[in-house]
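Lettered A, B and C in written order, each chain numbered from 1.
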Amino acid sequence: MLEEKITELKRELIGFATLVERMIEKSVKGLHEKKRESLLEVIEKDEPKTNALEISMDALCASMIAQFEPKAKDLRIALMVAKMSSDLERMGDHAVNIAESALFLTEKPLVKPLVDIPKMAEVTIKMLKDSISSFIEENSKLAKEVCERDNTVDELKDKILSELITLMSQDPSTIERSLHLLRISGNLERIADLSTNICEDVIYMTEGKVIKHQSKNW
Amino acid sequence: MESTILTIEDFSAYFGTNQVLNNVNLSVAQKKVTAIMGPSGCGKTTLIRCINRMHELVPAAQVSGRILLHDKNLYSMNPIIVRRKIGMVFQKPNPFPTMSIYDNVIAGYKLNGIRIGKREKDEIVEESLKRAALWGEVKDNLHRKGTFLSGGQQQRLCIARALAMHPEILLLDEPTSALDPKATAHIEELIAELKKQVTIIIVTHNIAQAARISDFTAFIYLGELVEYGTSEKMFTVPKDKRTEEYLTGKFG
Amino acid sequence: MSEHTLSLRIIKDRGFKTLVILFSFITIVPLLFILFHIIKNGIGVINWQFLTSLPKPVGEVGGGIANAIVGTFILIVMSCMLSIPLGVSAGIYLSERREGWLASLVRLSVDILQGIPSIVMGILAYAWVVLSLGTFSAFSGSVALGIMMLPIIVRSTEETLKLIPEMLKEASLSLGVPYYRTVLRVILPAGASGIVTGILLSVARVAGETAPLLFTAFGSPFMDVNIFKPVNSLPLVIFNYATSPYPSWHQLAWGASLVLVGMVLTLNFSAKLVTKRWKVQF
């Protein structure tokens, strides 16, 4: 009874995460390949789905706690899944932001060849995928490792920032486009942060240890 | 969508002039566990006793309204037939003390004078004890009297006895309130298995138990059906204020 | 509390305990005396011939109580046949119905019946049966004895069945078993020990009744198994022989007494055994 409920919870969360992954992929790909339809899909179709999913996951966690009075790890699973689902919903919002900026940029010529943003997107999406894997497998080692990759993402964001600053100071006509690119990189960085949140939740869930709000040097 | 096996329509029950149930309307889903919860004396036991027509055995008992099993009114059927289609397990385990375990299981046939061959009897005994998760523990002692069994085992024997009649619905009247936690857990697991084959209606005053094992829950208070819905919703977002108060321990 | 008062209390306490134990012991004494006396006087008379031959007229040597033993047996069997179905049924009815006019009436009748003197029973049986049949008979004797057995059987059946938990009945009814079958095949078997004990005790009670038999069974020197003829019985033998002027018959009376007492004791012990072995624990 309780086990079935937990299985259901995990299944729903995985489905939610898969949706969000696709949203990010579509947004970045849409930017790269200038595909307006997929960008619009993210904004109009996918985002409402994430909202609905967050609400239903909340109800699922609440009913699991009310009906089964879970203890120890089972309780941590219920609580953390609720948090993860709200993190996933925020990731969805960030993906929408990326899509919106991408929509603007599809109409315009490139400011510079897209190298770092796709790289950033690749690392970020892998972080999200692996954080969900660590949840499914209850693998706290993987979760810790994913948290470390956040540094890479931060470094990439800083690199993009400094490059674009140089560009903007040289040629003011690139400012609007650069700002959108900055917005995209900022949102990707936030998605990576939220993935580390998920990993911290997984570590709490599996080990009962809280590693939040600590410096990233361990 | 679940199909409905039992419909209770505008049903009221009385002991003489004392009204115990007031206008209850309820549809019980087939092959699911429906819990009936409420504080002591609210009428929940009376309700299930009306379903298998045991209520009318008390002098001055009266009922009004209908209870339909697959669209047939139970109150226009022969009560004996009703009780063979709807089995009951009581709060305190009550195996027949003068009979062996074997005879207890087929008591429904034996006492009714229904003749069946030895092979068929053996099959029914084995099948029922297996369904009640008791076979392994008693298969070498079938011809001993049931009194040496523990409380939990006796209760499972009573469940086997009821199941042997192949009822469509099994009524459980606080089946674990006289048992220790381990035996209670056994029976709850058993219920989760049984519901795949039999519709189960369980009366309990233990809110946590109702929440754990039921698919649907009805809350009865002072003879009235206050709320009825899926257990998922009932225990997180009850609709009626009285349900909310009962669940948070304000009374009962 | 002063020392003096305290030691006085202790003395009173001990005194009381001693008195209670002493009196309890004294109550055993009559039984011991009775048994001793009967055995002493009767044992010499008991032999195979005594138990198997018919009474002989006065003056003749020998004679036995064979027909009395058989007669007592016949009387008991017949009075059981009359009283058990009625008594057990009434007991079942009373245990099911606590209130109601019929139940109260039955209870009242049973209580009053218990108090009617045995000799009055005898006279009544004489008036109803002996006069209608035109002869003394074993049948009239068993009518009298049967009526005397009724109250005990009714009461013990009722009390036994009341002790059976309601849930046993409910378990059976919930399986779709009709009421009459529930009573016959679940409740009665569960109460069997108490009911049988009641029957045994009522038999022990009437086995030695003399007065009702005086004008019903009447006694006879012959061995007769026809229930519509007079029949001899142990209490009658004792009465007749003991009140006779012949010492040899007095001896026979002692022998018959020993047999009768032996029978009653056996019944009482059997009742205890039945309770112990068959009693169902709830």
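Everything that follows uses one rule, which is that a contact is a pair of C-beta atoms (placed from the backbone, for glycine too) under 8 Å apart; a residue touches a chain by one contact, two chains touch by 3 or more.
Only a predicted model underlies this, so the values are computations on that prediction, with no experimental measurement involved.
Colleague: Which chains lie in contact with each of subunit A and subunit C?
Modeller: Output, common partners of subunit A and subunit C: B.
Colleague: So which chain is farthest from subunit C, going by the mean of the CA atoms in each chain?
Modeller: A
Colleague: By Cα centroids, which chain is closest to the centre of the whole protein?
Modeller: B
Colleague: Go through B-C and A-B and name the pair with more C-beta contacts between its chains.
Modeller: Higher C-beta contact count between the two pairs: B-C.
Colleague: So what's the Cα centroid distance for subunit A and subunit C, whole Å?
Modeller: Here the centre of subunit C sits 94 Å away from the centre of subunit A.
Colleague: Between subunit A and subunit B, what's the gap in Å when you average each chain's C-alpha atoms?
Modeller: Using C-alpha averages as centres, the distance is 50 Å.
Colleague: In their shared complex, at which residues does subunit C touch subunit B?
Modeller: Listed in rising order, the residues are 165, 167-168, 170-178, 181-182, 185-186, 189-190, 192, 280-282.
Colleague: Quick one: in the complex, what on subunit A touches subunit B?
Modeller: For subunit A paired with subunit B, touching residues are 1-2, 59, 62-63, 66-69.
Colleague: What does subunit B use to touch subunit C in their complex?
Modeller: 52, 54, 57, 80-84, 87-88, 90, 92, 94-98, 107-108, 110-113, 147, 158, 161-162, 165
Colleague: Which residues, counting only subunit B, touch subunit A once they are in their complex?
Modeller: The contact residues of subunit B facing subunit A are 188, 192, 208, 211-213, 231-233, 235-236.
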